[in-house]
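Written out below as structure tokens is the structure these notes cover.
We just call them A, B, C and D in the order they show up, numbering each chain from 1.
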């Protein structure tokens, strides 16, 4: 139990079900005297919101953040920052049909097995809406990191041709399926010396941080899986004067510690499991059934997940930064 | 600081430099009344040792484990198990030449930046010899898991043709380079319900556990990076009666919780950075130099890393098992 | 940084300043399928509220709790329970005078030194109002413990004659000073075997839990400080058939582990530091000044702290219970 | 399970049973580049050893410490320091008689209940010999703290007249009983700002650290239990220019954070439970028996426990120091 807190010194604890009263986070360990407003967080939450793209869910939430504590006269106090977003466009009725069904690719089955109870409305705690707490934690982390000249930026990539069925354009009206993709994240401005040896390596914690995002099924650092087919002479990053590296196959991390180069992470994003195609599954009593899921879901989640990845990476980097104050 | 402990309830803290007096581990939280002998651990340490294969280092250590505490009359007491291996075939002299050199692909540079001091003899703490502590922790975990009918097995894969330079056989005498590969690990017998939501997902902790192994640069669960090009209908694992899944793209984990299927992890292993080919680097004063490293190193580490991967996975699974006693 | 979370498996993270928007807590690790309502928590919060006694502050808050997550159809989901209380009777203006003053016996000086900023309104985070989060965490813990037949009850004791100045009755209108006291807490129904060896002993964690309450300056287990003048034969609890102890000087704990007897804890509560008597102190610029504090404060906090003590003890016991599932 | 690690950033994990092969500790998180030798630790271990006083056990161990890792060329590496002491004067035979007996005042009963197995030789893990690991951790912490001009010193106090039975001198040959006492510890040189709010207060962690020592049954900070009978005007520490406090009832801690004054802790030490007087107890089968314990035990443990108290306090202070780098 109790897996809803991330970090050691910069600690983010999130809460909230998709269709409960609110979702949010408590940030404990944020340095004091940092300028912080609700707008600072809102900017990042807006990037996470469904947009007008045809790839995005039609659930429309304003996702307006409210800071309840930890900020006084515009500055952080060093005490816990609680920030939350109320759930508004809930529309429960459409989900009642899911009460007794284990949707393929979702956590319905495993939550039922683990807890013996679940909030079946849109996945409850396992919904993508849980990532609002992550973005709150990440937005504040990025505000702090900017003061240290550390910047984090991710971008997504996916192949729409898989949805267009050989045609020139995707017929979004009739798409009955969803699409996966790749997110790549880069950290710039991070000096050498960040990270811990052995188990709490910088790359190990980044891998955990990113793999904890619901849709992620793979994590690479630097050359990643390509190293499996490389020779040592091809993979080693040679050095020149001033501690400059002549390549960056390591992705900015050697022996679990940052080497001053850009930190590079690549993530595999699975296609959203909610699709309208007919699928075989079972109900809560173990009976085989077939389902066609017609919810308000994303055709491709990649664009919306970019800011979640940045957030997890930011929280990880800041946490190490606070542990490595001599860096 | 302080990254040398793994786990929450099954906690393994390792110690030791490659050329110090000893390497080993304290295991805290092992259940009591488990039959345990030094031989139980030795079996796994022997699999980690260099073997007679031409791919392996010529450093020859017996790696004889000694249990110092926590076992009484052949059974675990529930108190900390300290087990260690003395370093014997040290041969320091050959390493003095490395005192002022940052070897490409090694952690020499980052340790120096982080700590302002390092044990330069074969990488000190960042040496592969550090994994002895992991295998001690893993061997005991596997002993406990076997009683729960949970089994863990990994295997390695690599492409020797890259070393043979177009010829039929590799000329090991004159190989001046090293080779990467893949390790795949499978957990069988794990019931549904293991893992925690949100940040401490089973796949997130497995990713951390595996990425913390020095040579690992990528982690995949189930279909892994293939999901980036899949449609939801291709990736979703549909279900049939009895909670059986019709495929296993999820790698046995849904929403961070085990679903009862085999758990599948694939890792990218980088080629050993120590090669005899000439490489550009810098010395401790920042001067550019060229090095040809002629140590006792592995041409391909993949076969030896297999038991380390099993160990990390076993520690992770047991730790969750102890947190999920209702499973 | 980051000291606002209590517990390992039953984890309570609190937030909120006295005069911010709200105070509350996230409870992570509460078992699922426990019946839980806002009324269950409200009962305990009401015991913490200022009452009509002359000993109590005149700040009147309804302290109405609201559960935001983690409960569905009247039962806990196993996911984080966020519960909060809005601050209402804030009356800020009266506190502006304290902006530049370090009140004697309060944390004003140390918060300023640590954070370089503080919410000066009634102590901000260091206000007794912070204990609302503790009571939320404790109320839920007690609900769970009751199902295991473990009960926790504390009571306070103080000597009003110190306030009456030799007269028969205390003249509350003109009291310019405050009073300390003792709280004793008893845990019944706890079986033998709870607690961990060495550092995380049951008594060690209880001591931490109780000493973390702002007003507590001493903690005793069982015979407590009396043992300093006892002989072994007087202090040892001898045993009779059935594992019954003939006395309880140990306070129910041997070697850090519960022995099946009642667990007994006694706490020293300091007098509330806010008094209207003239006191010497300094302002934020280091100038010596004299203050007479005329806030809405408690003459004696002991009665109100009783439920806070029960809460901290309950959280500690439940946390160990979840770690000791074989008990 | 798993309570054998102390600290967050300065982490000490101890191991070892009284009559196993060795006792010791791994220190993780010690800053690098600190001069450290075995002699530095030995000095503190010698203070813990039984001395020639009539109050002390006749078990004679050299308690020679050996550092296995983490130190290179006389300086700490920043990697885990493993240090151990081999058990030598074991003399097991005399303890076999205890195999089936629960000694009054000892942890025999609770260990059996918790683990279903125990090393009955002199208490195994619950023996006072466990404190060697604490002193190792404390000795290194004090070495680091001295560089920050923070010093820690404790002293013991006990009333021998209780043993002399009205006569002028204690007849040590025929003493059949043991004696408790008080240890007071003072920390000097600690600046204001150390400690965390709410749960991880400096006094809360000190209380845990000290209460985790086997013989401790009470902890006071500053005026301690005296505050129960004090008025606010008597207890508040007023201030004068320069942030000087006119008294130190707070014991150097306000709101859980150091205020720059000396930190004062007082501990109640129970009499050693091993006495030769006849006592009632039960055997492992629940039968009532009487025992007269004739081991090699201490009449009064207070003098030997002083260095253990200093060690626990040092570990606590250093751990906070590393978390509060701006102090």
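Basically, contacts are C-beta pairs under 8 Å (C-beta built on N, C-alpha and C of every residue); 3 or more make two chains touch, one makes a residue touch a chain.
None of these values were measured; they are calculated from a predicted model.
Visitor: Which pair, C-D or A-D, has more C-beta contacts?
Guide: C-D is joined by more C-beta pairs in contact.
Visitor: Could you work out which chain's C-alpha centre is the most distant one from the centre of subunit B?
Guide: C
Visitor: Could you grab the centroid distance between subunit A and subunit C? Build each centroid from C-alpha atoms only and quote it in angstrom.
Guide: The separation of the two C-alpha centroids amounts to 37 Å.
Visitor: Using the average of all C-alpha atoms in each chain as its centre, how far is it in Å between subunit C and subunit D?
Guide: Spacing between the chain centres: roughly 26 Å.
Visitor: Roughly how many whole angstrom separate the Cα centroids of subunit A and subunit D?
Guide: Spacing between the chain centres: roughly 45 Å.
Visitor: Counting only residues that touch at least 2 other chains, which ones in subunit C make the list?
Guide: 1-5, 8-9, 14, 79, 114, 125, 197, 323
Visitor: Which of the residues in subunit B come into contact with subunit A in the complex?
Guide: Against subunit A, subunit B makes touches at 1-6, 14, 102, 104-107, 109-111, 113-114, 125-126, 130, 158-159, 162-163, 176-182, 192-193, 195-201, 203-212, 214, 217-243, 246, 250-251, 254-260, 268-275, 277, 279-282, 286-288, 323-324, 327.
Visitor: Within the complex, which stretch of subunit A touches subunit C?
Guide: 1-5, 7-11, 13-17, 20-24, 26, 28-33, 66-70, 72, 75-82, 84, 114-119, 124-125, 322
Visitor: Which subunit A residues qualify as touching subunit D in the complex?
Guide: 8-9, 79, 197, 323, 325
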